[in-house]
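A, B, C, D, E, F, G, H, I and J are the chain letters, set down in written order, and residue numbers restart from 1 in every chain.
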Amino acid sequence: MLFLVRMDVNIPADMPEEKAAAIKATEKAYSQNLQREGKWVSIWRVVGEYANYSVFNAESNDELHEMLSGLPLFPYMDIEVIPLAKHPSDIH
Amino acid sequence: MLFLVRMDVNIPADMPEEKAAAIKATEKAYSQNLQREGKWVSIWRVVGEYANYSVFNAESNDELHEMLSGLPLFPYMDIEVIPLAKHPSDIH
Amino acid sequence: MLFLVRMDVNIPADMPEEKAAAIKATEKAYSQNLQREGKWVSIWRVVGEYANYSVFNAESNDELHEMLSGLPLFPYMDIEVIPLAKHPSDIH
Amino acid sequence: MLFLVRMDVNIPADMPEEKAAAIKATEKAYSQNLQREGKWVSIWRVVGEYANYSVFNAESNDELHEMLSGLPLFPYMDIEVIPLAKHPSDIH
Amino acid sequence: MLFLVRMDVNIPADMPEEKAAAIKATEKAYSQNLQREGKWVSIWRVVGEYANYSVFNAESNDELHEMLSGLPLFPYMDIEVIPLAKHPSDIH
Amino acid sequence: MLFLVRMDVNIPADMPEEKAAAIKATEKAYSQNLQREGKWVSIWRVVGEYANYSVFNAESNDELHEMLSGLPLFPYMDIEVIPLAKHPSDIH
Amino acid sequence: MLFLVRMDVNIPADMPEEKAAAIKATEKAYSQNLQREGKWVSIWRVVGEYANYSVFNAESNDELHEMLSGLPLFPYMDIEVIPLAKHPSDIH
Amino acid sequence: MLFLVRMDVNIPADMPEEKAAAIKATEKAYSQNLQREGKWVSIWRVVGEYANYSVFNAESNDELHEMLSGLPLFPYMDIEVIPLAKHPSDIH
Amino acid sequence: MLFLVRMDVNIPADMPEEKAAAIKATEKAYSQNLQREGKWVSIWRVVGEYANYSVFNAESNDELHEMLSGLPLFPYMDIEVIPLAKHPSDIH
Amino acid sequence: MLFLVRMDVNIPADMPEEKAAAIKATEKAYSQNLQREGKWVSIWRVVGEYANYSVFNAESNDELHEMLSGLPLFPYMDIEVIPLAKHPSDIH
């Protein structure tokens, strides 16, 4: 079951650089683990913004929320979730 | 070069049903041709709406506009285009 | 899996009254069938508006879209879907 | 008398973690008390957000405001209240 | 129990003038009846707009919805309802 | 001459509690004086929000601005003013 | 007492040209009368839009509403009214 | 003096095709004349929309409004005008 | 050449009072100089807000930007500029 | 391939002036380098705002994102990107 997710990152300007770097490193590992498991299907940078659009494959809303709220950057993100269904013109 | 595209369809309520059906059939063929060519990479229905999110792979902005403005349903659509870049956490 | 759904109904002013009445009757039966099946868990009128908030229980995004796009009033509705997850304070 | 309530939580980034944890614990107890009394009928997490949709059953607007403004997290919340009425298609 | 209600009226441009005049006359009588019963406490014109702000006194959300959805102009109105509570500074 | 006024209060999270309490006490006295003078006709709490809707009776725009900008909480408020006129259906 | 007023004109596309021309001529005369009386202090075209910003001098909200609702184009306008007060830096 | 202008075109769905084609041809000639005169400096299509962003060089606000309101498609356009000034980093 | 300008002032809550008072005094002098030169034609307070609507008379967009960006309160303001043209109904 | 880009700058009020000046100097050099390379085609100040509209010429979305995210002021900017295509009326 697919979901389109937009994440906008807003790290407070007064966060020490090392702390920010550490969170971002953890975030990257967290994301790549989920990508390898096939849960985080796609991730693209929004041009010109500290934001991404992603596609998630989740068994349920609960699983999706668990993945998203577990993001190391979650406290600094605005997240929008759009549930997707099969499109009748899709050839796949 | 990838673009996320959202299309919202608003067919006028007074369009004759046959005309609407004909446009939709042409639209489907048009979409599936571009999917087969690898230009229209993904298409998903937005749950509960007569709308889709799609990913396009275009050589240029001009090519993307040509594909979108050529849609049989183009006169009845609101379209939003979001240019995408490679995300540093993407494992692909 | 639960979803909160808001539906705003906009029937064109020039639709003949009998046609509107017929669609509304079909809509009511359709809704009550899904309620009896336990799919359409709750439905409330938004005070002062021709709109409702509803809770749906669906196996998947696809099933939810099928239920919503099958609504007799679907062509005349604006629908917003909010995926819900279990809340940690929920006692049920 | 039912009300749909959306609560978005925004805890200041510089609040000490213990203070935040204490408020959240009090909030949870407060919520569960009202749930046990049948006043706070439902609570769901909005997927991907530090937010919830809830249904309250209140005798009056005053009682509802008292319950909401008494929330330990109230100073850090944006709250939206939507009064609900019985829907003519509701089978309950 | 008080509610602030804003009503914006949008009569279709192609409604025959007599029909519009008849609906407005019925609307006026309907409003004045509710005012006399003490249900429709206040009504003010928004300066420069075909709109009003009103205060209603209702026993319940259901009663309020019944009053509002019974307005002869209801099909041509956008209505917003804001539930009101007693303010601690109120001297009345 | 009547005006509908909405006030949203946003006290900075780092204001010392005693200072906040003192401002709120002054605000209450200020409001009640104007209520006794018949200038501040009504004040209602917006359910679930640190906000109010009020009706003011002012001789002029200048007088209204003087009353509003003199509010002890004025620096911490977002205020919206809607000029009201007599409604033709008003029975008073 | 001054008010800033923005008027956006939306004449239906299917109004016969003569009717539109007649309304516009009446509108112009109406506006110029109020300008000569000193009630309609200023009128400017918004560049690129069928819209104007105007300053009115009215004795009261009621008088302003009477002037605005009497505009021949009133049924085809969206009007926004902003009450103005004397600015402390104003040298006049 | 430069202005950025966005134009969104909304031709009514029931306009006869020949009439639409005639207006568009006149529009194109009108635009190209102003381009040749150096008044309409740039025109770009917004990808995926029946809209353009343009840069105009006008002597005054009045001249700009004259050019824009003279557009054959003006009655069917939403136009937004953003006045531009020299940027201190501009090397030209 | 006239421009309508709206300025919303947001002075940070933690600015020392003397500094704020000093900036405001400089701002007042700056504004009154431009008023005396006939550049800042009108200034009105928006009732209930720390904001003003003003009319400027500038030779060019560049001159207007120089005047606005030179405002002592410029770093603490949100400014909106609306270019104005002569209105055909204007009698002046 | 052209893109219209709007950048709004929001430097935190508590950034030391020297630091801000240093970033702005680096920003200016960065911008002028890209202008000399023909990548940053145009840059205009938005009148009355700490913002600019720019036109970029990029080989790809990735190149554009690299240029924008490399801006020294990037962490303090809101950036909007609009992909542009050739307009059929363009004479160039």
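In this section, a contact is a pair of C-beta atoms (placed from the backbone, for glycine too) under 8 Å apart; a residue touches a chain by one contact, two chains touch by 3 or more.
Chains and their UniProt names: A, B, C, D, E, F, G, H, I, J = Muconolactone Delta-isomerase.
Remember, predicted model here, so these are calculated numbers, not experimental data.
Its interface matching that of D-F in over half of the contact pairs by residue number, B-H stands out among B-H, C-D or H-I.
Between the two copies, chain B and chain G, the C-alpha superposition involves a rotation of 145 degrees in steps of 5. In this assembly, the C-alpha centroid of chain C lies 43 Å from the C-alpha centroid of chain G.
As a whole-number value, the distance joining the C-alpha centres of chain D and chain H reads 50 Å. Here the spacing of chain A and chain J, counted between their Cα centres, is 26 Å. Chain contacts: chain E has residues 2, 45, 47, 61, 64-65, 81, 83-86 touching two or more partner chains. Here chain B touches chain H in the complex through residues 5, 12, 15, 61, 64-65, 68-69, 75-76, 79-81, going by the rule given at the top. Residues of chain A that touch chain J in their complex: 13, 45, 47-50.
On chain H, the positions that touch chain J within their shared complex are 2, 4, 27-28, 31-32, 35-36, 42-47, 52-53, 82-92.
Within the complex formed with chain I, the residues of chain H that make contact are 1-3, 60-62, 64-66, 81, 83-86.
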